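Okay, here's the structure, questions in a sec.
Going in written order, the chains are labelled A, B, C and D, and every chain counts its residues from 1.
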Amino acid sequence: MGRFSGKSVFITQVTDYMGTPIEQLMLAEGAKVTTREGYVPGDERFADYIADVPEPDIVIANLAHSPCNGPAGDIRDEDWFALFDTMVHPLMKLVRHFAPRMANRGAGKIVAITSAAPLRGIPGFSAYCAARGAQNAFIRAAGLEFAPANVQINAVAQNYVSNPVYYPDELVATERFQKHLQRNVPVGRIARAEESAELALFLASDKSDFIVGQIVPFAGGWATNT
Amino acid sequence: MGRFSGKSVFITQVTDYMGTPIEQLMLAEGAKVTTREGYVPGDERFADYIADVPEPDIVIANLAHSPCNGPAGDIRDEDWFALFDTMVHPLMKLVRHFAPRMANRGAGKIVAITSAAPLRGIPGFSAYCAARGAQNAFIRAAGLEFAPANVQINAVAQNYVSNPVYYPDELVATERFQKHLQRNVPVGRIARAEESAELALFLASDKSDFIVGQIVPFAGGWATNT
Amino acid sequence: MGRFSGKSVFITQVTDYMGTPIEQLMLAEGAKVTTREGYVPGDERFADYIADVPEPDIVIANLAHSPCNGPAGDIRDEDWFALFDTMVHPLMKLVRHFAPRMANRGAGKIVAITSAAPLRGIPGFSAYCAARGAQNAFIRAAGLEFAPANVQINAVAQNYVSNPVYYPDELVATERFQKHLQRNVPVGRIARAEESAELALFLASDKSDFIVGQIVPFAGGWATNT
Amino acid sequence: MGRFSGKSVFITQVTDYMGTPIEQLMLAEGAKVTTREGYVPGDERFADYIADVPEPDIVIANLAHSPCNGPAGDIRDEDWFALFDTMVHPLMKLVRHFAPRMANRGAGKIVAITSAAPLRGIPGFSAYCAARGAQNAFIRAAGLEFAPANVQINAVAQNYVSNPVYYPDELVATERFQKHLQRNVPVGRIARAEESAELALFLASDKSDFIVGQIVPFAGGWATNT
């Protein structure tokens, strides 16, 4: 009997970002997990992406895209729109689709895996910060809106968490990156993916029903906003 | 001799939101003001919108759209995309175009007129919060990026400021709205447009060269985040 | 075998605020719990208060005092200093005493139970906000400082949680308070003490080793700062 | 005719921190300035400190003390209490004394010169962060409380501003400090004291009547919280 026995969980874009570690932890805790691979479409193909997904108790809105970093003066239109098409518009569509159904059933949880980057701002990542900032702001407002219906919507705003998209092992191993860590991340290391997954599970559990619309920084002390 | 004598200022979407009050105050302070009317296009028509605009010392990124409020479960695609098309993508294009030129000249100011809504989140305004949140996050990151080049980029994150788009006089005059004000806005009134314009001018002036990437709440105490 | 089997936990001022619910949950999860009753002295009597406390793996810095609310113009010196003497100075002394010992042992957790009040500010509670704000700021800085030593220091910044000090049942039952809740707390209810205790346990557990210096709002959506 | 002609201004602890630059700018702008030197007493001697101060339109609560930095495990009681005695308790006493009088007269401004340090937290400065955090939280709550009475109370939360207490010229000139600046302060320099004074004057002016309870970061991009 795990912490999520009997719970049905839907995880998007599962082979990227925090998808696999959350899936594994959810399975280990007894959840019934449905997953979909690949970018969640932000357009009319969205309906196909979620077709046949059983009504979930919990949605893990795991949306990620290469950060497309570079100077703000050189942002390419295709990069800019790709960030919004894969991370921002699908998040709205997931909440728009699932949250009212959860409200009708009287309970539900949505946990978005976003980023701490917009909490401080990072030079050279302005496009990424904009898209992640849109996500965080949307989660905050939607979280307050669905709170009275016993649906809790929150976000894990992570940075410096091991994952192939943003912190592949070969980057982390470099001396330059290790120096950067010592200077910028008080914990002095990057997090294992499982550690971020644990926060996601806490926010997906019955234990956190009083937490809504919250963007929880998870960045080893790099961002401690409140 | 005004505070902005000899300064050239470019104001977008001037007949909406804070455009006119900022234009009037800038003119009264001696600035040379260039304006454009109507939504700033976020697509390939952007180049036309800013064609023939003289190189400005100061850009007022005044971008606004009806909030398209309503339940998150009922967000219409056309409303969602209209908010991003008129407020988010054009802001990137304005910064991408003007900030590097300012950096090359060794000085410049961009002031975005955004919103305090995403700082707290407002149920029923999740689409609007998402778009304004994207703006705020972009300004923060771009502000840090251009800081070393002596270009200051900041935002006025306002709420409860008199303007025809969001707070038309007939709404403000209602008893219901006045009660709402007493309960939610410590100052107990909405701001005159000129008051917000004064903050924009402070951020556009030489007096605030040490302030960068800052989203300044301007909401009568409704939002006091730091 | 509970989540805290083999862990030794020290809880201060246990019969007030979140002391008892955290003690009960810790005991149910297998922890060895040491408690002390009454205000933690902020002066030379501090040493007596913690005398004979076994070296704890986890310290729950549970410090509370009547909010002494009232107009800022009428703050009584004795109330003001009582708030700092019971909540602020003892928190420093607890961290000063225990955190370096934890660092020497190579691991440890301190969870302070503070308040969300200073995150937004509450008219009529300026003294209380000042004292709680001092706690939150101290936890943030100390949390960053001890992060490299594998000691995690964080705070639960709660509001609208059932407890005899601030939200006694007879207050909560009034129609006036229920109306206040509907208007100001998106979740529409106060939290059970156990719900806040669950967040404290999450922050006290091995699962949150990457979270440091964080002030986690726990207020049903009343405060959602990040 | 200056911006503050006819206004009476009271500045505390004038020979330290931002006292002199604010005094000079206020005098240049036509204000009648009353000053007191030395720490503002937080005890029964407070009444003597402000005796004979004419009723001011504007109070500049300029309170500073050596940061007494060092490891949290080594905080000396006398340093800890000195920080609260000189920065925290006097701020309450200034607001408690002057704000109600301003409310009775129907207008007034209090600008506290505090610090951005608690907005991010600084290892090794936990005592200083605690005291400055208490100030910021008190200003936020008191600012909301006096807002309906047309009294505006705000803070300049500065860091990296030239002043003899925290950033003496001989420190700033070191190569080590210059490297630190390049890494941590996006603007790449420390601010002149006059720049911070300009923000204080903006918050003390009639132009900012809609801004209340706000802690405005002024730190060259080091802290950009909202």
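Points to keep in mind about this one:
Operating definition for what follows: a residue touches a chain if its C-beta (ideal position, glycine included) is under 8 Å from a C-beta of that chain, and two chains touch if they have at least 3 such contacts.
The shown structure was predicted, so the numbers you read here are calculated from the model rather than taken from an experiment.
Listed here as common contacts of chain A and chain B: C, D. Simply put, chain A must spin 180° to overlay its Cα atoms on chain C, rounded in steps of 5.
Centroid to centroid, with C-alpha atoms defining each point, chain C and chain D lie 28 Å apart.
The distance from the centre of chain B to the centre of chain C, with each centre set as the mean of the Cα atoms, comes to 39 Å. Looking at chain D, residues 120-121, 123, 136, 140, 143-145, 186, 213, 224-225 sit in touch with two or more other chains. Residue ranges on chain B touching chain C, taken from their complex, read 120-121, 123, 183, 186, 224-225. Contacts from chain A toward chain C in the complex involve residues 119, 136, 140, 143-145, 147-148, 157, 161, 186-188, 191, 195-196, 198-199, 202, 207-221, 224-226.
Residues of chain B that touch chain A in their complex: 71-75, 80-81, 84, 88-89, 92, 95-96, 99-100, 103, 117-118, 120-127, 129-138, 140-146, 213.
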